[in-house]
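Structures for review follow.
Two complexes come next, and they have one chain in common, subunit A, joined by subunit B in the first and subunit C in the second.
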Partner chain A sequence: METKKEEKKSKIKQTSSFWVWVTASVIFRLILIYFPKNLNFSSRPEVATPVTSIRRLAEGYWLKQSSMSPYAGSMYHGSPLLLSLIGPLTVKRIEGQPNHLLCSLLFLLADVVSAMLIRATGQTLQMSSCLSLKSLDLVELSKNSEMLSSGDIAALVYLWNPFTIVACVGLSTSPIENLVVILSLYGACTRLPPLAAFGWVMGTHLSLYPGVLIIPLILLLGNGPDAPPRKLFLQRRCSKGGKNPSSDSSCQEEELFNQSKLPITFSWKPVIHFLFWASIWSVYVLVLCGISVKQNGGMLEMFKSTYGFILTVEDLSPNIGVLWYFFAEVFEFFRNFFLIVFHMNILVMILPLAIRLNHRPCFLAFAYIAISSMLKSYPSVGDSALYLGLLGWFVFELADLQFSFFLFWGCVGVSLLSPVMHNLWIWRGTGNANFYYATAMAFACFQIVLVVESVSAILNYDRKLRKLSITKPVDGKS
Partner chain B sequence: MAILLSRRSNLLAVVVLVLCQLFLYAAVSSSGSVLKQGGGEEFSEELLLKPFPDRKVLAHFHFQSRAPHSSSHGRHHHLFPKAIAQLVKKFRVKEMELSFTQGRWRYEQWGGFDPLSSNNAKPPGVELWAVFDVPQSLVDVYWRNLTHTLSGLFCASINFLESSTTYSAPELTFKPSFGNLRYGTLPREAVCTENLTPWLKLLPCRDKAGLSALMDRPSIYRGFYHSQRLRLTSSESGSDEVDSGIGLEQTLTVVLQPSSWRTGKTYSVETNIQPSWSISSIFGRNIPGKCVIAKSSNVYLHLDNGLVGELKNLERENAKYVANTFESEGFQSNHAFKISVTPDKVFEEVDYLHGKSTSVIYGFSVEKYSDSQPFDLGLTWKIPVVWSCQQAPLHASRFLMGSGNERGAIAISLESTESSEGLPTSHIIDGRCELRVDIFQVVPWYIKVYFHTLQVFVDKQPRAMADVVDKIRVSPSKDKVSPGVMEMILKLPCGSKSAAFSLEFDKGFLHIDEYPPDANQGFDIPSALISFPSFNARMNFSEDEFLNNSPILSKFQETSPVLSYTEVLLIPLTTPDFSMPYNVITITCTVFALYFGSLLNVLRRRVDEEERILRSRAGRKAGWISQLLSRLSAKLRGRPQEQPTSSLPYSFISFRLVLKILLVASIAVTWQYYFG
Partner chain C sequence: MAETEVSKKRKRPIVRLAVLLLSHSVLVSVICCTAGVFGLLLLPVLAKNTYISENALMPGSASSMLSNQEVSEANKLIKELNNLHSNPLGATTESHGIVAKYMSNLGAQVNNHKFHPQLNQFHPLHFFSGPDSGVMQENSTRSLYGINTVGIIRAPRGDGKEAIVLVTPYNAVKGGVRETLSLGIAYSVFSLLTRVTWLAKDIIWLVADSQYGEYAPVAAWLRDYHTPAFSNLDSLNTETCHVGNNNFESKISYGIRRSGTMAAALVLGVAYGNENEDTLGIYAEASNGQMPNLDLINIVHYLAVHRQGLRVKVEQFHWLLNSKWVKSLGEVFESLGKMVKTLNPDWKLGISAADYVEGAATLASSLYHQALGVPTGPHGAFRDYQVDAITLEFSLRISFDRLDRRNDFLLHGGRLIEGVIRSVNNLLEKFHQSFFLYLLTSPSKFVSVGVYMIAFALLVAPLPVVAASLYAKTLDLNPTSEKDKSATSNELGSVLQSWKWLNSVKTVFVVHFWGATVSLLPYFISQIPDSDPTTNFSVWILLSILSLEILRWILVSPSSHIYGLPQGEWATLKSATISSFFIGLGLMSVINFATAEIGALLMVPMALMAHPLKLDVRGQSLRSILRMICNLVLGVITFPPATFFVFKGVIEGFSGINAGDFWNWVESLWAWNSATYLYIGMVHLPCWVLCVQILLHPC
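Moving on to the complex of A and B:
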């Protein structure tokens, strides 16, 4: 009883300290917003890409207000819905306050809501993983995870990540994009197909790349949240149920018997729900877009200058990705070939990852997001902020992550060095494009190592679980 | 033998020459007969000289040819250049102007209000605009063809105006045209003799006779400003007898610095006395008489109203002469200056509105001069005179703000000039006195202008856009497709001393092939055009028969809007490393390979099963050669033999390798055979 009370106390303490940190992060952002204008985050290439820049959005809004198509020039490449949502806020000024206060407040709100959703999703994940570990009799593994909530950690990592803060203060639209992606994951985790479908449709509409998340979302809805491989449960039950573990019939009986307890089979109902809602939402979004671009240009122009712009990498201004310099230098003749190759690189990995990690849909979503934010045509730190936040969900699974020290300091080093190189090249004229490109390369390499190592760590974790669950019954017998 | 041959060839040459002369004479006389018939083609040449307050002299050559419409007179021309006539006919050009300019017109010193400056002050480089008489959908095609033709005709890279990123279609500010106008500039086109020679070829006398004989290349290109212009107007079968047909107006405007030491006078006691000059001293040549086939051939000396007013003032002070010496006949020498030739005519501008001083033009006819007695006009100053030219109501200048290669801002500032106060600004609309200013600006696509950042300052106070900007038309730039065009109609309050506009922009990053060879020099933004439609640059002369015969003076009498061009801006853009394409391709592809390979490896790896599979495979397939080899190596090392783990049999690998290579080779061969 004593220990339980203490646990409760510590939990209350934890939650209170969590809220303290959340308010602290909000206050920190407000301070940065009220900071004198010379911070100028909104025109940094790391923060504002041609797709997410607020200045371009304001230009699009201005064009729309002066009864022209917002896509008339090659300035704005975002969604028309975002234009009517954020556009008015870019113009509105409050006397005596910073220029973009309303926008900043909106992005701040988006950040806080995303953090809360991350926390809720993390708690769901943790509960389900505890449950599954308990069912495997691996209680000691689940014990350490009860001490600290991975949801809290993920939320705080998301809120206090300098990348998130910079993206929020720098007024790029990536907080909104991140919010809808997290919303879809939350909806799928808590088994709310309409919400998941809404998040997925909006995410795909806003930045195209979240479209690949349909696989983890379906798996999440069909199989439930992350769990050890299903084989383990089967083996477990077999070994539990009958003394003769090799008899298949008893195993299947057991399975049928236990079906109500744990969702072992793929449940199609929520998936069909999800698909139905996704089609409804996409029709809805398309109709809304159609209404807003009806007067000028129409849908074709919209698709051309949003998705077309993303896919053809027309803007060659420097960013933290690797494609801009490549396409500035590559011979025109090979341009289309390399465009296909680089976009295929994202798509090719979808299937192998999905096959190997189908029992961990949330981690699969993390891997997809990380890969696409690494290889997308106009990456920004806001995208990195999203997957770094989601990484917090898997703190216990990824405890054995290799090179974590090296990765952490590498990321810190690159994110400090990259603005310096940019300054040397663009502002002082003493450096050269290669220096900046080198930092972008290094950043890409670190991201690659992070993705690869975290996938390998998760697979190793599963192996460990299997080993433990195989050895456990033997121990029990002996 | 050689001497004999050369003699023979000399003889031949003489014979040919004589024949040619005969032929030419016949041609000239026939053309004369055409002229006499009336209603045919005509050509006239004129030269206007004008002293500037900053010790420089303007020489403005004006050649005008006119041909009746070709449908009524067949396809042949006597005087009119056939190339131009064909061009007009083929591309259905209604109106066109092409100018090659080097140097910048100094509006503060050389004036910006008279018809001369607003017609002939042009932006540096090439400027071309044309109005076509075709449906709107075809205009772009015709424009493209026209640029190519002109580029061939004038030995210039006008064909660069073909690409849609360089030209635009102004609607509000430039000229009223219903979507059929195209405007393009090449600010960095160098202008030199290779452009002048084809231009001179269009003249019936080339530069062999008449006024154009003055065009001594070194002295022309030594000038401070040089602008050659070609303007075409064609009207199809107009009801007006006079107006129908094609009119070609060729002008060459040069601003030269007369060197006073050439005239013999050492310079001088007083430094601010104007240098004396003569035609022979500034051009190094004389006028050897008129071009025979020209209808009229005149030289004018223009003293602008500032100068005349100053002279009158001086006169009044000195009180040596009677006040109206200027109107009197024999005044070629007065107390201030002396003209070496007696003028045939004196025109005085009539200004009905103001009783102010007006400009004076002395006319000289070249017809009575010949080779033996060339025409040489000289102007000798006696006393120092300081005056200023009449300026446009606002002086426009444009500059860049910001540093670095990422972003910046363009600012246009309009400063009111002193002369504007006395001007008729009586454009009172709704009880408010307003000054209308039109701004037309084209920005290339790699300068990504944020139009929503347009800021307006009047008298250094920020103002809301709606207060000042009456109308605005923006066509934002599309990457690699079209330039950004901004047209604004401003209504400035009358008393305002200055107005400024600023626009922020981001600098674009180009593909390495899109940079010019000297990429680090920067890119030019074409001049903005500022016009004042409520003012008319126009001179009024008292009615005279002579005026109608003189194209240059009748041109001055036409109403033309007051225009001024701003400076060309030079914007440095960041350059990538031009030597790196292979390195960038290989390094980037390496990173992608790293990602792909390592991720796939992680996904594929099965830690527990690997060893077992390998063990079984090794047990099964280990050939005797490899066993022998391993035994041998073990013996050599002096260690016990290890279990063969991962090493597959040597022969097996090579066999599979050979198979694979054969497969790939056969695929390559078939590919080559069918698609190569």
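Moving on to the complex of A and C:
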């Protein structure tokens, strides 16, 4: 009893400290928001890409207000819905306050809501993993995950990640994009197909790349949240059945229990639900877009200057990605070929990962987001912030992550070096584009290593579980 | 066992190499550090002769056109200005008028530029933004102002999109013969250039009003030149500036007149020489150790030595010239060079001991001035706009009073400037062929970035190796401790174990955050009215200690109490410290190489050697006692103020040392926005604090 009380106490302490840290992060952002001129984050290439920059959005809004097409002059490349949502906020000024205060507050709100959603999703994930571990009789493993909430950790990692803070203070629209992606994952985890469908449709509409998340979302809805491989449960049941034939009834009971809690079969109903809702939402979004761009340009122009702009990599201004330099150098007649090659890069990885990680859809989503934010045409630190936050869900699974120490310091070093190289190139004139591009490549390398290592750590964890669940009965006997 | 052996054999060679390096980290760090220091000492030997890299420059290919006619005109101007100085009342306004009159008589476009001297202030957030994002300061005192006079010759063969700038600092109130002579040189060249046909770039002659320092007027003019001013500002300027009662002066506009982008800038100065020859001093260091393109120095050197017979010198540390150990080191290198020559006559490594001493003194001064990050003259202002600029300081053997000597001097100086301008005039693009990153070991010898980076890389190479080996060791430690604990089945422990390094990372971050606050504190302390440097310094130290304690209390204590960490903690802390220090040094080597080099020389041994004193006391072996002594000595020396006082004492003698000196030094650093200040506050000091924490670790 006492241990339980202590646990409760520590839980309460944990939640209170969690909220303290959340408020601290909000206050920190507010402080930074009040120094916008000095920090100048919104003009940094790491933060504001042609797709996410709020300056471009304000320009697009202005064009729209003067009854021109918002996409005129290749300035704005975002969704028309964002224009009507955020656009009015860019114009409104409050006396004596920073210019973009309302926008900043909106992004701050988006960040906090995303963190809360990450926390809630993390808690569901943790609960389901505890359940599945218990059903595998690995009580000790499940115990440790009860002590620290991975949802809290993930939420705090997301809130306190410098990348998130910079993206929020730097007024790029990536907090909103991240929010809808997280919303879809949350909806799928808590089995709310309409919500998941809404998040997915909006994410795809806003930044195209979340489209690949349809696979993990369907898996999530069909199979339930992350669990050890299904084979394990089957093996477990078989071995149990084989070992104590005398106590048939209890075994059957357990089987029933297992089946009720962990659906072994793929359940199609929520998936169909999801697809249905997705089609409804997409029609809805398209109709809204159609209404807002009807007067000027129409849908074709919208698609051309949003998705077309993303896919054809028209803007070659430097960013932290690897495409701009390449397409600045490549010969014009090879351009289409390499465009296909680079975009295929993302698509090629989808299927193998989906097959290998189909029992862990949330992790699969993490891997997809990480890969696409590395290879997308206009990446920014806001995209990295998203998958680094999601990484927090898997603290226990990734405990044996190799090179975590070096990955961490490497990331810190590269992300500090990149603005310095930019300064050397643009302001001092003693460096050149290669300097900056080298840091971009190093950053991409670190991301690749992170993805590879975390996937292998997850697979190792599954192997460890299998080993434990096979050896456990023997231990019990001896 | 057999299995592990097989797996070991199967490992890739690169992995085996890494394992080998990690297991011999002590040996590796000793070898690398010694090699790094040796490489630094070897730099004067490895210096190459300069050469003119850009073919278009063609210095000295045309014969000089400057004749005695221009010199005599210049003499007229000098005489008139000197007469003005005899009655100092009203000299200020009139001297501008005289210079402007001479300029416009030559057919140049003339305007005055009024500026308000800005006190150098601390902008904590402006270090890495571009020059134009510096917000205009509102609080500069409006009553103080200076007036620059600017003359522009439009090039007959140019399109007005490029310009070459000549700057002569001139103090109308206190200016002596020295400054009028530099005006004379510039005027003689200017008057020639109004008549030549080959000019393809506009010539801008800026007579900078140096009553508030030489840097401020040039910086102010450059800022106004590069920021587009809109109508209201112009009208404001013309309104308030009708000070001159002279008829001519009121005709001169105060709006800024522009030409194109600047290809190069030359700042002229004249000094009283106390040497036996006419010499030309070259000053090139701009803010944060940035140097102009080496080609600019090369053409000046080439023309001065081979055409005008001047002796060119760059700054040296004179106290190093007489130091015995440098001399003996030079002798060692000389004999080594001879030995190498016997092995292979093609290797030309040998330089004489005297040359080595000269080179070492110049190199040390070059390193020092770059590391300080404070520009050595008005040319520093140009570098902020990516314009290559140097200061040329002529110094004469005898006094300027004799007219024939003076004419000779004007002729030589004028011809040199004319030659340089003619070379730069040939350029089709901006300087880009030659080096931007180099250290000078003499006016005609340089060490390029590719060479000096090797010494630095060797010096810092042990840092990642030691960090990795320490981290690997703690990982090796953990499984055993886990096995001991397995009875209690503390799996939470194992999860925390694998993320344990995050705790030391947190400590490192807290300390670096503290470093940032410490670097911000002087901004607030300097707001205290009427305080002398010593009290400021002590307030700073007190506040720093206070903030460290507060941060420790808020952030560090709770977690370390809850999960009391085992003995290996100091090792992870050390590896995190070293990693962060390595990153800091790497960044600094990109921003300002010299600072990183000096910082690495000071701090790398300390960071590598840090080891808890308690363990050393318990160790009782000779090695641990030696390590303890080294640690204690290094711990005292590498504390930034201590380092400063030790260096000052060695160079200037320990007698006149005052605690406020450090404050003054730091103030000069932040006033010039030197990145060295940030380095000290956010890399060096936190690393020192962390090392001390490791030393005092209760293990």
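The criterion applied here is as follows: the second predicted complex is superposed on the first by the 458 of 478 C-alpha atoms of A that agree within 3 Å, B and C clash if a C-alpha of one lies under 4 Å from a C-alpha of the other, contacts with A are read in each partner's own complex, and residues count from 1 in each chain.
Note that in this section a contact is a pair of C-beta atoms (placed from the backbone, for glycine too) under 8 Å apart; a residue touches a chain by one contact, two chains touch by 3 or more.
Computed from a predicted model, the values in this text were never measured in an experiment.
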{"item": "Touched partner set for A:Leu316, first subunit B, second subunit C, both or neither", "value": "first"}
{"item": "Which of subunit B and subunit C A:Phe396 touches, first, second, both or neither", "value": "second"}
{"item": "A:Leu417 touches, of subunit B and subunit C: first, second, both or neither?", "value": "second"}
{"item": "Touching partner for A:Ala48 - first (subunit B), second (subunit C), both, neither", "value": "neither"}
{"item": "Residues of subunit A touched, compared between subunit B and subunit C (which is higher)", "value": "B"}
{"item": "Partner chain in contact with A:Ile118 - subunit B first, subunit C second, else both or neither", "value": "neither"}
{"item": "Touched partner set for A:Val201, first subunit B, second subunit C, both or neither", "value": "neither"}
{"item": "Partner chain(s) touched by A:Thr430 [first = subunit B, second = subunit C, both, neither]", "value": "second"}
{"item": "Contacts on subunit A seen with subunit B and repeated with subunit C across the two complexes", "value": "426-427, 429"}
{"item": "Of all residues in subunit A, those that touch subunit C in their complex", "value": "35, 37-40, 140-141, 143-144, 147-148, 395-396, 399-401, 404-406, 408-409, 412-413, 416-417, 419-421, 423-424, 426-430"}
{"item": "Subunit A-facing residues of subunit B, complex", "value": "403-407, 445, 448, 450-452, 472, 474-481, 484, 506, 508-513, 574-577, 580-581, 584-585, 587-588, 591-592, 594-596, 598-600, 602-605, 607-608"}
{"item": "Subunit B-facing residues of subunit A, complex", "value": "43, 45, 55, 58-59, 61-63, 66, 68, 72-75, 314-318, 322, 324-332, 341-342, 345, 348-349, 352-353, 356, 374-375, 425-427, 429, 432-434, 437, 441, 444-445, 448-449, 451-452, 455-456, 459-460, 463"}
{"item": "Touch list for subunit C against partner subunit A, complex", "value": "125-126, 128-131, 133, 135, 290, 386, 436-437, 468, 471, 489, 491-492, 494-495, 498-499, 501, 505, 575, 579-580, 582-583, 586-587, 590-591"}
